[in-house]
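For reference, chains read A, B, C, D and E in written order, and residue numbers begin at 1 within each chain.
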Amino acid sequence: MVNLANPILLIVIPLLFVFLIAFSSAFSKSAAKYLPIIAFGINVVVAMLLVPEVLKNGLVLSTTAGFKPPIAIDMIVDKLALFLVIIASVLGFVVSIYNVAYIDEEPEEKFYALFTLLITGIIWMIITGDLFNLFVAFEVTSIAAFGLVGFHRDKGSVEAGFKYLVMGAIGGSLLLVGIIMLYAATGTLNIIDVAQKSAELTFQQKFLAYALIFVGLGIEGALFPLNAWLPDAHPAAPSSVSSILSGIMTTAAIYAIIRITNIIFDYNQIYLFLMFFALLTLIFGEIAAYYQKDIKRMLAYSTIGQTGLFFFAFTIHSTNGLQGAFLQIINHSVSKSMLFLVVGAMIVQVGSRNIEDFVGLGRKMKVSSFFLAIGMFSLMGMPPFFGFWSKLKIIFAALQHSNALMIGSVVIILLMSVVEGAYFFKLLQMMFFGKAEQDREIKEASFGMLVPVVILGFILLFISFYPTPVLDFAHQAASDLMNKNYINLALKLGGL
Amino acid sequence: MEKMTQDQVRTIANMLRKRSLWMIHYCTGCGAMELPPTMTSRYDMSRLGLAPFVTSRQADILLITGYLNVKTLRRVITVYEQMLDPKYVIGFGSCALNGGVYWDSYAVIKQLDRYIPADLYIAGCMPRPEAIITAFQDLMDLIDSGKADGYKRYKRDLAYYKENQRKVLG
Amino acid sequence: MMGIVDKIKEIDGTKVTVQRENRIFVDVEKERVIGTLYSMKLIGFSQLSVLSVIDRIADNQFEIFYVLYNRDEKVNATVRVWIDRDNPVIETAEKIYPSAHAWEREIAEMFGVKVEGNEEAGKPFILENWNDLPPMRKDFDSIKYSSEHFVFRHSEDKNE
Amino acid sequence: MNMSLELLLATPFIGGLLTYIGGKVHRWVRNLIAVLFSLATVGEMAMYYNTTFKGVVWGSLFGSNLVLQTNPITWLFLFIVTAISLLVIVFSIDDMKKEEDEIVLDSYYMQLLFVEGAMVGIVLAGDLITFFMFWEIMSWTSYFLIVHGGKKSMAAGYKYIIMSVIGAYAMFIAIAMLYAKTHSLVYSDVALALSQASPSFIIWTVVLLSVGFFVKAAVMPLHTWLPDAHSEAPSPVSPLLSGVLIKMGAYGLFIVFYGLLSVNLAKNIMPSVFSTPILLYIIQWLAALSIVLATFLAIMQEDAKRLLAYSSVSQIGYVVLGLATGTSLGVAGGLFHALNHAIFKGLLFLAVGAVIYRTGTRNMSELGGLVKKMPFTFTALLLGIIALAGVPPLNGFVSKWMIYEALIQKKEVFLLIMAFVGSTGAFLYVYRLIHSLFLGQLPEKYENVKDVPILMQIPIWILALSTIVYGIFPGLAMDVIVKGMKLFGFTPIAYNLFGFPEGTAMGSLTVINIAAVLMTAFVAVFIIFILFPKTRQVSQYDNYASGQELTPDFKYNYSFGFYMSFGRVIKPILSMSIERVYNYWIDAFKIFGDYYMRRIYTGNLETYNSYIVIVVTIAAAAVLLGGKLW
Amino acid sequence: MVSTILIAICVPLLAFAIGLTFIMFKLKITARVQRRYGPPIIQPIYNLLKLLLKEDNISHGVIFSLGPIIALAGSILAVFFIPIPGLNLLTGSGDLIALLYIMAIGSLGMALGAGNTANPNASIGISRALTLMFGYDLPLVIIVISVILQYHTTNLADIVAAQANGHWTLWTLPLSAIVGFVVTYGALGEHPFDIITAPHEVATGPMVEYGGKHLGFLMINHMFHIYIEIALFVDLFLGGASNLFWFYIKMFGVFFIMMLCDEVFLRFKIDDAVRFFWKWPTVVALISLIIVLVK
């Protein structure tokens, strides 16, 4: 039977399902609901099958149609990519279950098609080994995301969608120009070749190409000046979409930046410059989150803050730093998507996104607010939960060689996590201990919505109380990326 | 035998009570002016063991130093009842005796001992300090002879006193 | 002193008689009392020394007099007004001379004069649970009252 | 190796979960489980009392393994934590019955046991990561406990959690800096690393760690959360908070200064003033200031629990003052005062809680005359206030006496004066408490108040007895303290079961004689008193008020603004308040947040695109400048 | 064992006797200062016995009656701490700091008893008494510390021994002695500081409801209190005597001078009293403290 452990399948199967869903309305009305679940179920299985492969020989490489580079489009799944792929497919699977109960507006199959396309694009972006291929995946994801953000078709979401479309398009074009400049300089598109050939290029030649790629991906990855679309787009999108957007899409874009910086622009000064970006994102994300009255906007700003945090961890440019970044990525994507799902369920019950209306919800919707609390505690980095380990690792890594800059940035991080604690505790306090004046009858979220939240909740609890396997896996992934041995592994496998 | 010790104790107690009399002076009328000279160095009542005190609990003698109208009688009765038992009342001047110059007034009480048992009256429309000192010495003799039993009379025929008080105070 | 008297005369509706040095009487009708008091104050009589009542039982009238004092001229003037004895009602002078408040309470209790505008006038002021005629009125017999309520010494029950 | 320490650590947490589940079944099941598990923790503590465990590894994280260890000092603090938690749980069974909402009660008991577990974790921790982990768990679980107290307690809890998180993160930086230097954060390795580290590094880490402990121990400049948190928290929680939680700050200071950084090490790297290292000297002055100022504030309070909260701030000042003296007598005094304070402050809060349970109000000017109705709580409160004022036969005196002796031996004269002034001030506000609650005029609406039910009386009575026991037999606690301090390199002080024998350098004290003579004198005078004529009882309205009839309808007793005249003397001191400074900075931060955020995320597309263009132009300009960015 | 019982009985009696004689002289001295003849010398005994033999005594509750008893017990306890030549019982088991705290039992007992009467005068009196105590405690503590520092011991008996044959603390620490003298006024509630029991304002303050045998016991307590305060002053500053006679002479001397300048002053308002104590005596005491520190 065909060898299932092939990265290509990760993209092909969902694409197949996208077309299936698009035409499913022809033969059965309600089939479209369940197809994405099956798609991402298979994806999760494939990802699981890849795990032993990757553990055994570092990475899995599959070339399409046997072309040799520079033409070959091959998919590289090293430890870090596998990491993100598992998260993406698990999230996709879980959120698609959520969609079944959540989405009830009439162009259903269009939503599901776009939804599956979005996640396929994300997975594609993660495992692609070819620059142009990265651009294509970037465009696919962006288009799917524009459609989904504007799905609700009321004035706010359409305007947010449009804003997101314009900025995404600019980003895409900048990315393309950057890739073309790289192609002109190095002659190949394959990441591994580019990595080898770029060694000879001088700093000036590579800098502009890198800057353009960085800005292009930065818009998608929510770095400080470029992320102005995010606070409007995420709240406007349906909650399930915004949980994917916050959970995994921005992370994929940041992953792409990490991958490219690692291969072509591995100079020390650039990390200092990036750290400046990361801190700005963190500061403005957290402070803005403190003043939001709309709960989804607050979570969006907190996403910006958290992205700033794990980008900062990456810019420390040490194995510990990278490991801290990956742990923070896991923590953020699992808890933030869980938060969005729970908040989505609550908005359906309460009817408005204003925080004041969430008073006393902790008593009415006991299970969902319990998981909301766990997610918030983990994001804040409170001890028994996973966030504590990742924050511990980031701070330890930052203060590895404690010079003034590092200490300053650590102080800023901790102050910002105090601000984060401030607005999360304010919300928790209102929900659990506030007394609602008029007694609205609010019943628990429906079963379909609760299942994904419970699954994510248990995943988070499991990795919180038994973190050692995740810590070691993150450590190995960090050291592979750090000393670039995935390049010579790929060469060995690719037989160049 | 037991009766005998009873008398001995009483005589000793009376001897002691005679020598240290603490007084609370309810300065209602114009008699209060006579007290400072008796207390200070000119007549010096403290050589007889008398001393001015402020609260009714600590006092033995209640001095009514003038006319008592209906309002002040109510206060005087409370003070009198708050005093501890071997207590004596001295009425100053004619106003306490029979209403004095205010005999026809609608407010002034005509006769002090209808309402609280008075042990001793001092005649005179405000007696001079010498008269007050002799009054105290007479009171001491009364105590010594055990005849100063105003508080016993008040306790014995309480109903009579209460009836009178009710008639006036309403 | 004469300057002041002329000024008082200028107040219309007042009959001014000067008995002797520093003894000026201003007789006024019942309705014009408050107006006169106000103008007297303007002239300079800043202090209300006494406000009381003379019980003219003979001609069944109450004579209410306000003794005012002019500090800078060092002159006393008395405003007099005659009101009916059976239904004695006057207007409060509280607004012009605040010290009138206490005086009015006293005359209300002691003479039974009803004072409009002074809400505390009717309430007990000095006497406690008094239920007889107001005591200062001439028709109140103090001896009869005290003989009823009190027992004189050396009367019949002297052997108590 | 047996699992005793892990079991001791795990029982409260398991207990917490089971109580929550038990609560779903039935109210009594939950109460039973809560009491059982806290009893089990006390049992385990008693079983292993005074046996020292060396480095029991229970896990490892980022290369440094997580260790649990015990020495006599930890057994002292464990005793405080488990005993007071058990008494609080027993007390809250009846006291919280009024709170009819079952869910709130389930989570309340769960949080109680979680806080106990976290504190056990802190005390047992052998390395800084476990210490910090349980420290943060303690912060947010105790936050949930405080917030159970109703509307105002939410604001108090919010301020509490923000300040403790800031304090915790200050500690976090220090721990991270230590991790950078030594990869293993076990106390012994850290001590080794510190001994070789540069003085500036040591001062930095120690200062940052002490800031974290000062926030929790509510030493003066960082104490603003304590009065709100302790007075708004439900009444059974306040004894746990001010009796035990702030002792964790003191324990932390002890570990930092004498565990990680031995005294002689501190001496040679820092210039020392009056023979104490400069850092300890500053801490001593902070503690002394917090004693005096908190006493002044406590004297002026109108609310019973706020008064006790401020008195906690001043009493913990004594503990920190004792710890910071550096001599073995002073540190022993500090530790013993920590135990004593836990006992008598717990007793006072429980007694005031009993009064609130019966009368429903905390405002001292509305209460009065309860001695006739609640005699039992009165005697307990009387013992508590005598202990707090430090009057000899009871336990407050012995530890204060030790701290004074230490200060005399070190000739720290001005600190001694401030400590004495604080203690006399304590006598003032302590009398104010018992006068307003129990003496004076009984208002009509409390005519039919009865004493508290048995289940609430037991904890109060146990604490009352222990004030007497520890007062007369200080030796019981001194064994553990002196043995423990020997481990930390202190010269053991001479003591016996009844106090401190003569013939040593310092003064001598045998409290048993004082108590015995006092008792005999009391009995003798009582007998003579009885011989004289009988007394008759008189109602509270038969009072000398210069003849005026006193009627029950108006409050004629003087209890509002009891020390108004003293307030006029210290008005200039009271007007300064550190809280205004904090609020000023928070408002500034809020204005900055509101104003600038709206300017950046304006919401229109053109500005956003302009941002992108700006970034690209910067990059292009960098290339034109020849790529030499810096 | 027998000797302890003997001491345990006769020391309080001795203290009571000395205290009684002081009050006798006080009445005579104040009378003579006011140029009047004054009561017979043994008037206090008459007063005391009359009070104790009152036929009718009132009580506002158990604590009301227990108050004077606790106060008296506390004073008796404190008396044992004062080293009387030849009759030291408790001086070993507690030192000067313990004595300062034990003296608080007396005021606690009286405050509790008076508080129970629910009388406004009593509560105002207690709040003034405690505020005054807080006032004079500051200078008292400073001078006590300066004495302790000078003799490097907190044990009262050693301090007395150190001042033997003539060089009293009065000569070595004159400033502290002066402050001690002023503070004893405050501690005894003597005239300039008798704001607590001011008859005109608060009707004898805490003792407003006390009469009969309760007041008798309070008077006994006051006698003990006078003895303790003056004995403490003598021990600290005048070198405590080798035999009982000299001890009494010194104490009487101090008391005599106090009574002389007692009647001359007017009464302080309560917050002015505290301000006074915290201003001049504290400054002078601090100066002498610094002198000791430097020396």
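The rule is simple: contacts are C-beta pairs under 8 Å (C-beta built on N, C-alpha and C of every residue); 3 or more make two chains touch, one makes a residue touch a chain.
Quick caveat: nothing in here was measured; it's all calculated off a predicted structure.
**Student:** Keeping to the contact definition above, tell me which chains border both chain A and chain D.
**Tutor:** none
**Student:** So which chains count as neighbours of both chain D and chain E?
**Tutor:** Both-contact set = B.
**Student:** Taking all protein C-alpha atoms shown, work out their mean, then name the chain whose own C-alpha mean is nearest to it.
**Tutor:** It is chain D that sits nearest the middle.
**Student:** Measuring centre to centre with C-alpha atoms, which chain is farthest from chain D?
**Tutor:** Centre of mass proxy via C-alpha means gives C as farthest from chain D.
**Student:** Identify the chain pair joined by the greatest number of C-beta pairs in contact.
**Tutor:** Most contacting pair of chains: D-E.
**Student:** Can you name the chain that lies farthest from chain A, using the mean of each chain's Cα atoms as its centre?
**Tutor:** Here the answer is chain B, farthest from chain A.
**Student:** Averaging only over C-alpha atoms, locate the centres of chain B and chain E and give their separation in whole Å.
**Tutor:** 36
**Student:** Give, as an integer number of Å, the spacing between the C-alpha centres of chain E and chain C.
**Tutor:** 61
**Student:** Whole-Å distance, chain B centre to chain C centre, using C-alpha means?
**Tutor:** 40
**Student:** Can you tell me which residues of chain A touch two or more of the remaining chains?
**Tutor:** As it turns out, chain A has no residue touching two or more other chains.
**Student:** Please output the residue numbers of chain C that touch at least 2 other chains, ranges allowed.
**Tutor:** If we look for residues of chain C contacting two or more partner chains, we find none.
**Student:** Please set out, as single numbers or ranges, the residues of chain B touching at least two other chains.
**Tutor:** Each of 55, 57, 74 in chain B touches at least two other chains.
**Student:** Hey, which chains are touching each other here?
**Tutor:** All chain pairs meeting the touch criterion are A-D, B-C, B-D, B-E, D-E.
**Student:** Could you please specify the touching residues of chain D with respect to chain A in the complex?
**Tutor:** These residues of chain D touch chain A: 61-62, 101, 103, 129, 132-134, 136-137, 140, 143, 147-148, 151, 154, 157-158, 161-162, 165-166, 169, 172-173, 176-177, 179-180, 592-594, 597, 600-601, 603, 605, 607-609, 611-612, 614-616, 619-620, 622-623, 626-627, 629-630.
**Student:** Could you list, by residue number, the parts of chain B that touch chain E in their complex?
**Tutor:** Within the complex, chain B touches chain E at residues 9, 12-13, 16-17, 19-20, 22, 40-41, 44, 46-49, 51, 53-55, 57-58, 60, 84-86.
**Student:** Can you name the residues of chain D that touch chain B in the complex?
**Tutor:** Of all residues in chain D, those touching chain B are 542, 544, 546-549.
**Student:** Tell me, which parts of chain B touch chain D in their complex?
**Tutor:** Its residues touching chain D are 26, 55-57, 74-76, 78-79, 82.
**Student:** If you look only at chain A, which of its residues touch chain D in the complex?
**Tutor:** Touching chain D from chain A are residues 162-163, 166-167, 170-171, 174, 203-204, 207-208, 211-212, 214-215, 218-219, 225-226, 228-229, 231-232, 269, 273, 284, 287-288, 290-291, 320, 363, 366, 377, 382-384, 388-389, 392-393, 395-396, 398-402, 407, 410-411, 414-415, 417-418, 421-422, 425-426, 429, 432-435, 471.
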